[in-house]
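Chain IDs A, B, C and D follow the sequence of writing; residue 1 opens each chain.
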Amino acid sequence: MPKKIAIIGATGYTGSELARILVCHPEVEIALITSQSHSGKRFSDIHPFFRDILETELQTADKLAEAKIDLAFLALPHGVSMTFAEKFKNANFKIIDLSGDFRLNTPESYEEWYQKEHTFKEGFEKAIYGLPELFGDEIAEAELVANPGCYPTSAILALLPLIRENLIEPSCVIIDSKSGTTGAGVKAKAATHFSNVNDNFKAYGLKKHRHSIEIQQVLEKAGNRDLTLQFTPHLLPIDRGILTTAYAKPSGFISEEQLKSLYRSFYADKPFVRLVNSPPAVKDVRGSNYCDFFATYDERTNNIIVISVLDNLVKGAARQAVQNMNIMFGFDERTGLHMVPVNP
Amino acid sequence: MPKKIAIIGATGYTGSELARILVCHPEVEIALITSQSHSGKRFSDIHPFFRDILETELQTADKLAEAKIDLAFLALPHGVSMTFAEKFKNANFKIIDLSGDFRLNTPESYEEWYQKEHTFKEGFEKAIYGLPELFGDEIAEAELVANPGCYPTSAILALLPLIRENLIEPSCVIIDSKSGTTGAGVKAKAATHFSNVNDNFKAYGLKKHRHSIEIQQVLEKAGNRDLTLQFTPHLLPIDRGILTTAYAKPSGFISEEQLKSLYRSFYADKPFVRLVNSPPAVKDVRGSNYCDFFATYDERTNNIIVISVLDNLVKGAARQAVQNMNIMFGFDERTGLHMVPVNP
Amino acid sequence: MPKKIAIIGATGYTGSELARILVCHPEVEIALITSQSHSGKRFSDIHPFFRDILETELQTADKLAEAKIDLAFLALPHGVSMTFAEKFKNANFKIIDLSGDFRLNTPESYEEWYQKEHTFKEGFEKAIYGLPELFGDEIAEAELVANPGCYPTSAILALLPLIRENLIEPSCVIIDSKSGTTGAGVKAKAATHFSNVNDNFKAYGLKKHRHSIEIQQVLEKAGNRDLTLQFTPHLLPIDRGILTTAYAKPSGFISEEQLKSLYRSFYADKPFVRLVNSPPAVKDVRGSNYCDFFATYDERTNNIIVISVLDNLVKGAARQAVQNMNIMFGFDERTGLHMVPVNP
Amino acid sequence: MPKKIAIIGATGYTGSELARILVCHPEVEIALITSQSHSGKRFSDIHPFFRDILETELQTADKLAEAKIDLAFLALPHGVSMTFAEKFKNANFKIIDLSGDFRLNTPESYEEWYQKEHTFKEGFEKAIYGLPELFGDEIAEAELVANPGCYPTSAILALLPLIRENLIEPSCVIIDSKSGTTGAGVKAKAATHFSNVNDNFKAYGLKKHRHSIEIQQVLEKAGNRDLTLQFTPHLLPIDRGILTTAYAKPSGFISEEQLKSLYRSFYADKPFVRLVNSPPAVKDVRGSNYCDFFATYDERTNNIIVISVLDNLVKGAARQAVQNMNIMFGFDERTGLHMVPVNP
């Protein structure tokens, strides 16, 4: 019998990406989709490209109690997820939260970087950071998974082998990331007005972007040491995709071949990580759950450069969430996720 | 046992789109992929986004004779397909040709509009025009299917109900179409140089585009009368997608409701045609096999306006070809084609 | 002594385009720029690309009375311009209104197509339609000029020679236009959210777009006869530019050479109209005041096709307004407008 | 009497950008434009947007000897410029070379990084690096100016104050740059095929890009010390614009206010450098000669971050060349260069 799934929050990009995957997933059924602002409408009224595919009527979230679901995806804004997680903390279903409400180590760091009070502090005790390549075992047992941010997935996977093996100087890491606009959400605002983005490019969130601390905390935990990371996001005139260019100084000798070999072995059994032989392009993973890497060492400058690409709505959000769901249900982690990238 | 399939011509967009569908198709296996210029390389060397997904080695086409395949897709340029079709005219497999070599009624009209000699004139006798919504029965029996052009699929489906029911003036039809650049192929040329397309827009092929005659011949056959069609293509700064705005004068009285009802009933059982309530956008069908329609009547001007959108590489090429394959093999025509559009 | 100019409404694209031209115009000075919502800020706070170029402090509009200006550009929304025009109807300066408030023939047609009450009906008596290629003499004497819409400039100039010379069937004209997003204004909304526009394309405003009636009324006046025009606008994923593809049936015999010769002679002395030998692209006029044309006759179908391109913010708005200003002040109409198109 | 100018090499983007500026420059006239492949055609045949503006007939370069010009711009490929510079080394006119042939310190470093023999080694003795903000005095006396590369202009101006004042660690500088496609030239190739760029993003030239050594040599000269610079270029899906994000470690204490003050005073009298209060966007300088900067210090990480934007065809090529020309002729360096950025 298929598992029964709820999507809480249907109107954003994360909601529609979840639906795209779940309607084709062989082991689950979508039992409930909620939207406070659009309840009563059909899912395809909000996302017309789902016409004839998913015509489910949107419900208010209070239908959740009676829906007998096995797992709920929270596709809600930061600050809203925590109230749901609290309300259903004793419920009989698992939760995968796609917001930032439970990604950090402590409520204190949340309140510092999100500038918002956290109202469900106990949540941090049971929340597992949902990066399958790092915390697969814990995810399998989790009741509440904090699905990683898009930039963090890109940056953490790029640097993880180096940090785990303690191969780089901890104070000299630069993470220069570039993202498509869907990371900024479905809501129209000046920053994503077409003429402000098209044929344009800019940095934003310098020094203060919330993903800085998420990347740092996860990598510190992975490396068991303090790190100083400079993270700078930029806005690309594209819909989907994140490319991260990471720079690090080796702490000792390393050769190009050792570097490549490290990445190969580290990710040998990770089905959605691909190591490529030349710098990857974001379109090579668009619409897919792959994260492609290229790592190289520059002898002239003594720098390591790692480039990673992923689709911010997919490996950076919805499909990574489904990968987590697969693990939580004991399915093969690849189930329903084998889509070929859409290029061109 | 799965059907064995060959893709002849692997390097273009049509080749990679065919592969995207066929690797996930439950009833077939890709037995052979050929490329004259790249034989010996792997498919993923040419299309890096297929890394870890399709690593098949490319063969020269002379491997076709021994491959014991059931069906070959010809993803070849105009003028090259005809030599293959001739060479394998007695072979034991079916052929779906994605070029324009057998789409027209006669070799004479081919030679006039393509400005090229046709070397396999008998091919026209057995070739079936592969528009499943129109010729589904003939396709089921066909040995050689001429897969429709991208613009013609868009224009013919838009006008077909009106022509079939003889509801419009035959001399006053305007087909104003706009296409993404992938229709121009994978090969770099001035017309598709980024800076010539980006933030730009232009018409091309006025009065002489080959799809003019393809549209006209198919609709004349469908309506059993002569037609005069003005077809103007334009180049959009997007990758995929065709939007056709068609204008026609009703030959008698028609109301908005009659018009909508006509389209509804005409396409009632066509799984990949969707009638929508407001003008559709090309991104609503991107990466999917859907063709979305909007038809309306303007009382003020006494014009009918029909707008259709499709993905030129999918319903306009590769996936329509697979839809034809399904019909030729007696599968449900939807098999392997249920992908949700990629939006955003 | 330079003429003193006011720009009423500084925050939109029209306001910044006016400023771009006027800061380099040799015969005028910008004496006043107003903004109700941003008064007290500098112009470059709103438009950062003007930093070090135009640092003028924004004023509220009530400063207009004391500013002793010679001419005011109203870069205001529809419905707001009319209140200004009324308030300053006896003022000592000329007005060029860039909104739609005085473009139509009568208050009645305004109220029908704009669905809004018109509160300054006498304005229609003195307002002159500011298309210099058609009404240059009247503009020279005008106190209130209604600057044409962007689509109408494109469509009217394309069809004007045919209508003037009475060469086409009046009931069979199709105007299929495609515009960049800046025509929709500076304000963020769903329709211009990046991911809704990028790699996308759609029609909008079918049958009901206000520019339909503007085009029709001006061409009826020019041709002294009734016309039925079908106008369909589409939204291009570009910033600037309109391309209009117009189709018409000749009412009698016409040859390709006669057609081209008609356009050549009709626009012989118009400095901003260029006749080109192949279909023009919108980038060929970007950032400039040119309108490029290509007219051709299709013998096979007996249709005339005319394609025009212009920059909707320039010839379609701000620079056409300055062209009108030049005429109203008795300057050469080209003064300050000789910018080379920005391509690529 | 206006100075007489030649543009050698008319068909590329640099050639057309030079023409855009020079046709409006009050102190010069274009006396000769050459093209080996298109001689006999008009300039507007190659660049249709110049129709009615610049209809000059293209000449072969051997017309140069008799043309009595005062200065020649070489808009030629690397490797071709050097043969011209040699041929006209005793000629009576000045030369500004826009290729990379004379930008480096020595023929040896040229041959190493460009992988090409240099056939006019003496040229290095008299060539002056044409960055007016750094070498204004030498440019005023120069006979041969090597116009800087686009990336180097962006990177050097961003780091110059820090290097000059010896404020950063010399071995820990990261220059992460992102450029539009026009930097790759006018010729169609796979790398700039629309579908390979649109909605895409990638790094290229890792470790080996020629601009690495150009940046390093100029900054080493400016700082009078050795430097290790990591330069990584990326390809943006836009036409024009470079954004550089540079990271450096302070060698001692520095505060945010000291940093900003340093940049303000360093560039106080440079008319085309603008310091802005928030991260600049490439569109804020598009089509203009401005280079906008934002410098900030991150206390948490002890890193300096400097972001610069410029238009690669303008400040990064053609207009910087005209700025050099102005200085060489003793004009005000701003003459003819006051164009307002084109945004949107």
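In this section, a residue touches a chain if its C-beta (ideal position, glycine included) is under 8 Å from a C-beta of that chain, and two chains touch if they have at least 3 such contacts.
Quick caveat: nothing in here was measured; it's all calculated off a predicted structure.
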Of B-D and A-B, whichever chain pair has more C-beta contact pairs: A-B
Copies chain D and chain A - interface residue numbers shared by over half, same or different: same
Chain A and chain C: spacing of chain centres that average the CA atoms, whole Å: 46
Distance between the centres, which are taken as Cα means, of chain D and chain A, whole angstrom: 39
Between chain B and chain D, centroid-to-centroid distance (C-alpha), Å: 46
Approximate Å spacing (C-alpha centroids) for the pair chain A, chain B: 37
Shared-contact residues (touching 2 or more other chains) in chain B: 13, 182, 195, 198-199, 237-240, 280, 283, 286, 344
Residue numbers on chain B that touch chain A, as the complex places them: 13, 16, 19-20, 23-24, 47-53, 182, 198-199, 239-240, 274, 276, 280, 283-288, 290, 292, 338-344
Of all residues in chain D, those that touch chain A in their complex: 171-172, 174, 176, 178, 180, 195-196, 198-204, 206-207, 228-230, 232, 234, 236-241, 243, 245, 247, 249, 279-283, 286, 296, 298, 300-303, 305, 307, 309, 344
Residue ranges of chain D touching chain B (in the complex, touch as defined): 13, 181-182, 186-190, 192-195, 197-199, 237-239
